[in-house]
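Next come two complexes, and both contain chain A; in the first it sits with chain B, in the second with chain C.
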Partner chain A sequence: MSNVKIKSKNLNVYYGDKQALFDVNLDLNEKEVTALIGPSGCGKSTFIRCINRMNDVIDICKVTGNIEMDGININDKDLDVVSLRERVGMVFQKPNPFPKSIYDNISYGPKIHGKGETKSELDQIVENSLKKSALWEEVKDRLEEPGTSLSGGQQQRLCIARAISVNPEVILMDEPCSALDPIATAKIEELIDELKKTYTIVIVTHSMAQAVRVSQKTGFFHLGKLIEVGKTEKIFKNPDNKMTQDYITGRFG
Partner chain B sequence: MTKEERLKKRHQAEKRFRFYGITSIFVALLFVVILVQNIFSKGSSAFKKTVITTEVFFDQELLEIQNGASQEEIMDADFYDIMIENLIKAYPAKDRDEEDELLKLFSGDAEIEIKKAFLNDNNLIGKTITLDLTASDDIDQLHKGNYPRDLPEERRRISDFQLVIYDYFVENKKISKNFNNYFFNNGDSRDPELAGIGGALVGSFYSILICLLLAFPVAVLASIYLEEFAPKNKITDFIEININNLAAVPSIVYGLLALQILLATIQLPRSTPLVAGITLALMTLPRIIIPCRASLKAVPPSIREGALAVGASKFQSVFHHVVPLALPGTLSGTIIGLAQALGETAPLILIGMVAFVVDIPSSPVDPSSSLPVQVYLWSESAERGFVEKTSATIMMLLSFLIVMNFIAVYLRQKFEKRWN
Partner chain C sequence: MSNEHTVKSYEEELQFLKDSLIKMGSLTESQLSDAMDAVIKVDKDSIDKIIKSDEEINKFRSKIDTQIMNLLVKRAPMAIDLRETISSLKISQDLERIGDLSKSNAKKVKPLPLDLPDELLGNLKRLGELVMKQLNDVLDSYVNKNFDKAKEVWEKDEQVDDLTYIAMESVIDFLSKDKKNLDFSTHLIFATKNLERAGDHITNIAETVCYLVKGEYLKGSRPKGKVIQE
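Coming up: the complex of A and B.
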């Protein structure tokens, strides 16, 4: 069924002299959740940060190879990262709402992209984004309160709402639940399930259980190499590679 | 060593450390108290001036003007005779020498003070009014108890006869202390009783204003560029090291630089707040850049990433998110930089601000003094009256510094956003 949304070809990433990713070839399917697992420092986050060119902010980082989104190479130096990031949203490991009101947190993206010219349009975007991120009922009466006053789980859902607000095609999630308690985690996972109907989602996680619960496809990284990728069921039940087997059974990592 | 012994030792080490800490804080506070107490005890009397209550009769025969004279006519008129005739009546003097000694008890501005009374009410001819005329420096200091009267006469600036008059004034309650408006309104003067910090206040104000206008925008833009946009390479490292070096350059070096470039080469007017402001701006620039960069650095990278991730450009992420968050730190750094500049003396001495300036500057290109330089000038003066003036000026300077630092702390605490 699934179309390939993003395709990486021979992707190599270097931090100065150190190579962080080695010839990664990975396809991400449209409207599916792809989970990336692997021990710390294996390059999962580096990989997803290539998809929205977040690595650009690191001076010493160099990326070679291609990442194609809908057939267009997004690793092209001439590509405008601003419009790329409008299409590829990101949620970070630690909730990082702006120290502004809940409303401003969400309306900021649409404002700078010229979506929502009038106040009522913006109000609508804010409401829709909060509804999609399942936060609306909890905050609808206090949109003017600072985003930082919310609980950790709420803050993370606020960040998801912020990512949704510019109506992206892809959402990257870098260990979105690592700072949250199990209840908040469950809520985010439910949300991911809902969001995959609209968005292509890539999630980096350290929790095998989470990968199994939310994803359709899983990629296992080790020391900068993509060791194995396939349907989540297959990876967790019957992996081809011995290393994958060892990692998911907790023998190392 | 047993476990108990070791534990005891550890506790003792902590107790010793606490004791050292408390002692050093106590010593530091003691010095502050001594300093402040010293300045206050010397300086607080300068905010009052001694006045002699004198009856003044405006005799038509001694004045060329009439009742209802215009302001210009009064300004041009000679009030010298009126002054002499009235002042010598303050005490029954026997001869010219005694009259001269009596006149010396009043300040050099007695004539102007009488003229001012007439300016306020130009219908005084033929009438007698009571005026509080400023006493001379010697009487002022004597009345404030700063002058030892038990010295032998030849070692005193005040003669025995003047002491007799003074005692007569005290007995008849003709001498009293008023608020010293001259101290705030007047420029410098050779007469301590007339000298004030008005000129220095205005001069310092202009200097700091120019310093702020030049240094703040340059420093803020430089720090934003260096911190957020500049590539990290050898050149920017070199610039960073040199900014830190510049902040440590002795201020007198900036004075020499200004002397050579601003005065000798560009030929800007010397002794002026304009030159002082430019010199102080040069000196303050690195001292503002350093806290500005620190406060930009203190904004967590997650905020920048959050903004970039929703598609903000670098410029938008910096100016919409990072700069507003860094602003309180930036402002407080600027204020502290300016407070340092306000107290700076050495470079101003080199650019000629030690000149004796009586007039209050009306623009930044008029010759002027400044508060710290005024302190320096007066501390060099021999007259006893300048001792209290020096301390009082220090009090003014310190209170400005305290207010500025308080604003800096307030801005930081009130507006600094907390994250997580």
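Coming up: the complex of A and C.
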């Protein structure tokens, strides 16, 4: 039985007058991949942005309810958001490396979080992160080249390496493969499989097949509500809710 | 919210698959019934026609296979569509096997003498009628997605087993009266056994329909009647 790493309790999110999430109760298991699916605008990205308090940067955004990580409410006003984001990394839809060298892309995070004080320590972090993101062999001889010189798939793995360089506990992925070709996608999926041994992963995806391939648990959102959540296999073979079934079978009008 | 797929051609492909399977089912029904009639009436003229209709059934099977492969590749079906697709694959396999067994029974008519006593064929006829009814019911349960009806068919296979036992006994009785009956009696024994095996394929279909409708397999083992030791 897996431990619950993150637990959302009656989570509501408002963007001004518009409510984006309604009473979402969702448990994310430790060292498992949870996939979030649903039509655009259903609230799945809003949900994962709550896990690292990314919504804080939006002035009109208001969040009520709790999100507990290891039993501690991360919505607490006194919580140090910087250290939260050290524990919860994020990878976005479009690869967004810094306009810096491959090396600096990885070493930047550890440096600002006060990790890797000496050059050799940083070298080690860079190498380990690139190895964990399955990019090391491809870039080890060109670490000084700009991150943006890499292919799309490589850039996304660089962003994953950047996320894991500060040794987080959770990795959030918001449609990480939607801008990638099938081979690059396969490499990321292979990587997710490997990363879940160490990290708790939440992935937002529009690809049903990807959700089936990479996740153990799947949640279906619609109009800001979590409609159904369960074992991925069950959701895709025999969901309980008709709305889930209509969505995953392509019957949504 | 509508029940139709957003992609119309997907909807059509699934419907086309269901239609093919229903056609294959009704062809299998006619063939089984023709083969039974041929045995009971020792009608040697119909043998070729029955063998020929088996080719038709086999063609349906490969047509359905192709449709399923296309659906899997093009649509990556999920949930009910996935179960519909996989169930069609399994049901078409069982129907094809029932077709083979009917063909085999038609072939058994050739060596039979024309003057078989009624008491010998009576039990075989009853068995044939029951298997026909079972096939008809299971196909109905597929068309109407009727879980209860499929489960009823599944449970009723016990009666097929019992009737098989009785039909076998009457053939063996007849055989033991005169050794010169040996030649064609063995054919009747095989024909009986073939019907029992067709019954087993029908229960497979019933199980598949139950899975198709509810998304879970029937629990426990099917009630079994008397069986002749093989």
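Rule of thumb we're sticking to: the second predicted complex is superposed on the first by the 252 of 253 C-alpha atoms of A that agree within 3 Å, B and C clash if a C-alpha of one lies under 4 Å from a C-alpha of the other, contacts with A are read in each partner's own complex, and residues count from 1 in each chain.
Note that a contact is a pair of C-beta atoms (placed from the backbone, for glycine too) under 8 Å apart; a residue touches a chain by one contact, two chains touch by 3 or more.
These figures come from a predicted structure and were not determined experimentally.
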item	value
Clash or fit, chain B versus chain C on superposed chain A	fit
First, second, both or neither for A:G230, with chain B first and chain C second	neither
Spatial angle chain C-chain A-chain B, Cα centroids [nearest 10 degrees]	140
Comparison of chain B and chain C by chain A residues contacted	B
First, second, both or neither for A:V82, with chain B first and chain C second	first
Which superposed partner A:P39 touches (first chain B, second chain C, both, neither)	neither
Partner chain in contact with A:Y108 - chain B first, chain C second, else both or neither	first
Partner chain in contact with A:V166 - chain B first, chain C second, else both or neither	first
Chain B versus chain C - smallest C-alpha distance in the overlay, whole Å	32
Overlap of chain C and chain B interfaces on chain A (superposed complexes)	none
Footprint of chain C on chain A - complex, ascending	208-209, 236-239, 243-246, 248-253
Residues of chain A touching chain B in the complex	52, 54, 57, 59, 82-86, 89-90, 92, 94, 96-99, 108-109, 112-113, 148, 159, 162-163, 165-166
For the chain B and chain A complex, residues of the former touching the latter	231-232, 300, 302-313, 316, 320-321, 325, 417-420
Residues of chain C touching chain A in the complex	1-7, 10, 75-83, 214-216
